[in-house]
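Chain naming follows the written order as A, B and C, and within any one chain the residues start at number 1.
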Amino acid sequence: MRGPLTLSEIAAQLGGRVVGDADRKVVQVGSLGRASEKQVVFIAQRRYLGDLARTRAGAVILSPDFEAQTTLPRIVTDDPYLYFARLARLLNPIPTREPGVDSAAHVHPSASLAASARVEAGATVGANARIGERVWLGAGSYVGADAQLGDDCRLYPTAVVYDGCIIGERAVLHAGAVVGADGFGYAKDGERWNAIPQIGRVVLGNDVDVGANTTIDRGTIDDTVIEDGVKLDDQIHIAHNVRIGANTAIAACAGIAGSAVIGRNCEIGGAAMIRGHIRIADGTRISPATAITRSLRAGTYTGIFPFDKHAAWLSNAAVVRQLAKLIDRVRVLEKKRLQKESNSD
Amino acid sequence: MRGPLTLSEIAAQLGGRVVGDADRKVVQVGSLGRASEKQVVFIAQRRYLGDLARTRAGAVILSPDFEAQTTLPRIVTDDPYLYFARLARLLNPIPTREPGVDSAAHVHPSASLAASARVEAGATVGANARIGERVWLGAGSYVGADAQLGDDCRLYPTAVVYDGCIIGERAVLHAGAVVGADGFGYAKDGERWNAIPQIGRVVLGNDVDVGANTTIDRGTIDDTVIEDGVKLDDQIHIAHNVRIGANTAIAACAGIAGSAVIGRNCEIGGAAMIRGHIRIADGTRISPATAITRSLRAGTYTGIFPFDKHAAWLSNAAVVRQLAKLIDRVRVLEKKRLQKESNSD
Amino acid sequence: MRGPLTLSEIAAQLGGRVVGDADRKVVQVGSLGRASEKQVVFIAQRRYLGDLARTRAGAVILSPDFEAQTTLPRIVTDDPYLYFARLARLLNPIPTREPGVDSAAHVHPSASLAASARVEAGATVGANARIGERVWLGAGSYVGADAQLGDDCRLYPTAVVYDGCIIGERAVLHAGAVVGADGFGYAKDGERWNAIPQIGRVVLGNDVDVGANTTIDRGTIDDTVIEDGVKLDDQIHIAHNVRIGANTAIAACAGIAGSAVIGRNCEIGGAAMIRGHIRIADGTRISPATAITRSLRAGTYTGIFPFDKHAAWLSNAAVVRQLAKLIDRVRVLEKKRLQKESNSD
């Protein structure tokens, strides 16, 4: 944490217009409900105005719309949430690690390691791997042979990158993330499954975040590709030969089946499932818990079975299994109605 | 395993009323179908009475209802399942580990470690971490800087606790569990996502179990909180700033989105998904594979699309996309019927 | 990679009939779209004939049906996909590892380790564990006390096998796989949950593959059993006392609840969920994202709520909650229609 900073010092770095005491000092960001006077909060939605009235924060980031809603020292900006993100980073910079290889790390002599990289105890770097400047390899993390990590990557403890995978700059791999395990590919051989060697790689662009216990499988022949700026939450599964376009964000527990192509700037909700071999257009939004079974043009798509009290669900679900018959029965009624009306003429 | 114990020795420790040979010795618990005469079994449901008749077990735990259904030596108790749980623990106590730090463990000199704790080879304890009495840190497990573990916690191999997280007494973290990875929080910056530093912690109460590969993310500003006695199965995802009330149990593969508040004594089925920012009342039960999209009062809720043979599903699912039109068509028929009846007057 | 091999050398080993230049040399398998002339591709589906016409590959594996569709050197076989799988393995044999125990590995003195096994830095082998010939234990992997691994098993970095679990020959456990964590079993004790010791094991047959971050829990009393040739993708959860029959394949993110019995030769789609205590017949196919709530005879089963544009979904989903009433309304209309027709006689 860099603070304390005055509001005028903050505005000098991040822009915005200070209203009220420009010398107010803050040391940390806070939440409306729990902030102390040394913390700065933000408000971006009208429904939190009541919380704003009650906050004990020392300063507020807000839009011109809400500027008159508080007497606290404040910074006015068109996008308070983005401003808050930048300010939070300013007050909480990514920690710099002392360069060097811990004596209990396992680095293959043929690996190429930037002098500014930090390798913690129990971390492994395989043969001919290339590790960029200021990379941090946490305890027990693993970088396989021939893999490459760009500058400023961070691998949290137990994160694993398999042999030959390529990771751009500033990637963050959280604990338990696995990049490059074998794709699930088998040919039937009588009753048995004959494994197809998965010789493709995983290639991650720059600024990709991979959440805890998320898995990205290597391609069968060609690569699995995650483009720049993709953000993956925890426990996501990306199958072999998937391609995900730049700046797409995917929430936790989602699964993308093999060879699916996801466009740029998509937003995919938690626990959504995408079938293999389909294409999702740029800018598509998929709701949580939705199974997508065919290719999509841009738009927002949802497929959640509406929950209900258990007894009501039982009654309604029983009808789901009769829907095709039900619509036929309505057709019969309509047809008879038309005959009747025709007869009445 | 402590056995052998006689039924009277067991009843002396755990209560219950012995019927038949009180000197019958047992060494282990067993299942009705496979137990030998040195094993003790239980029966709690009528549908297993046939299995009881055939069992080769040496003794049985059962309720007064079933007392006359066997001639085996038996212990009669009102809650045979709970009795069995206690007896199984009596015969299978949690192993005690020899205190000490393995020479291949990595403990920061500033960490505070109880003398009775055990740290296995390849485990890491960060700066200023505090580790309680009798804690077991399995091979390759990780406790970050400033984290705290209460007495009698057990971290299985590769379990990870990030910096600053607080864990109460008697917690069990299975392999691959990740406590404290960054929450999934970003602000849009043009087309790019700007990460919001996640500076909150995860705080676990006492007696919390965390299954293998379950992830609990740290809060954005305030903490993610798991209260006493919460039991989490494998592969669950708990997002940032979630709060889970005491003694709530969640089955595998469930996901709880950010800032959801789950009450006490809830039971959430496997693969259930809870939307963010909603409140689930104390004592609520949610069925497996159910997506909950709004706040709930106590009750049992379900939302599973009923499966069917594939061809039948195809027919019925096609009608789902026409349901709004279908109900309109039924309304038209009803309206015409009413006009007709009115005309007939 | 063993290549280059000529087509006649390949056919000598794997069968098939060479058409065209039998001396064409290939060094690697490739994809139709990206192969160079040193790569061999396959085609098994008519829809890729256009890609075949454009490929720059050096040779093709295909069925007699497509034999005349290219002038490239080719190998004709009845099952091109299976042939391709075998050829890919021939060109990409499983790497052999130099036998030995890394000085930074942690092997208990009482463990029994084949001389041909390889144990990497940071891997752990517990007391009395038995490790077969040519087993590879990757960096940071873990084999608990009394566990057994058959010949030719491979544990990727961070894979974990708990105490006492039994694994057959040629198993592959990818990174983050956890075999043998405690099943989720508790008895209610007032408001609290009383853990039931999970004393069963996990027993894996031969030729079982376990994907990255997949979890297989140990049995409560009896064992959790995975038979020969079962293939498990990433992030699958198998609960305690499940039994999975030989050669069943399960795609990523699926979950199988406790004591379910899955037959042989089943195929279970990604994110499918199987309820506990049910039986799935041999040869059953379950579609992705389908929740199975009762026992099944052989067949193909599906239960996906059909997604739609969000607005359409909102309209249709609202009717789902009225289905039981809707079918009653249709019954009333039908009854009145019948009365009317009866009156008209």
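Here, contacts are C-beta pairs under 8 Å (C-beta built on N, C-alpha and C of every residue); 3 or more make two chains touch, one makes a residue touch a chain.
Computed from a predicted model, the values in this text were never measured in an experiment.
K.L.:
Are the interface residues of chain A and chain C largely the same numbers on each copy, more than half shared, or largely different?
P.N.:
Different: when the shared numbers are divided by all numbers used, the fraction is under half.
K.L.:
Rounding to the nearest 5 degrees, give the angle of the rotation that lays the CA atoms of chain B over those of chain C.
P.N.:
Rotation angle, to the nearest 5: 120 degrees.
K.L.:
Starting from the mean Cα coordinates of chain A and chain C, work out the distance between those two points in Å.
P.N.:
25
K.L.:
Mark out which residues of chain C touch at least two other chains, giving numbers and ranges.
P.N.:
Where chain C meets two or more other chains at a single residue, that happens at 104, 122, 140, 158, 176, 213, 235, 253, 304-306, 308, 318, 320, 322-323, 326, 330, 333.
K.L.:
Please name which positions on chain B make contact with chain C in the complex.
P.N.:
Contacts found on chain B: 28-31, 33-34, 79, 81-82, 84-86, 88-89, 92, 102, 104, 120-122, 138-140, 156-158, 172, 174-176, 207, 209, 211-213, 229, 231, 233-235, 246-247, 249, 251-253, 264-265, 270-271, 288-289, 304-310, 313-314, 317-318, 320-324, 326-327, 330, 333-334, 337.
K.L.:
Report the residues of chain C in contact with chain B in the complex, numbered from low to high.
P.N.:
Of all residues in chain C, those touching chain B are 104, 106, 122, 124, 140, 142, 158, 160, 162, 176, 178, 181-182, 184, 186-189, 191-197, 199, 213, 215, 217, 220-222, 235, 237, 239, 253, 255, 257, 273, 275, 287, 290-293, 299-306, 308, 312, 315-316, 318-320, 322-323, 326, 329-330, 333, 336.
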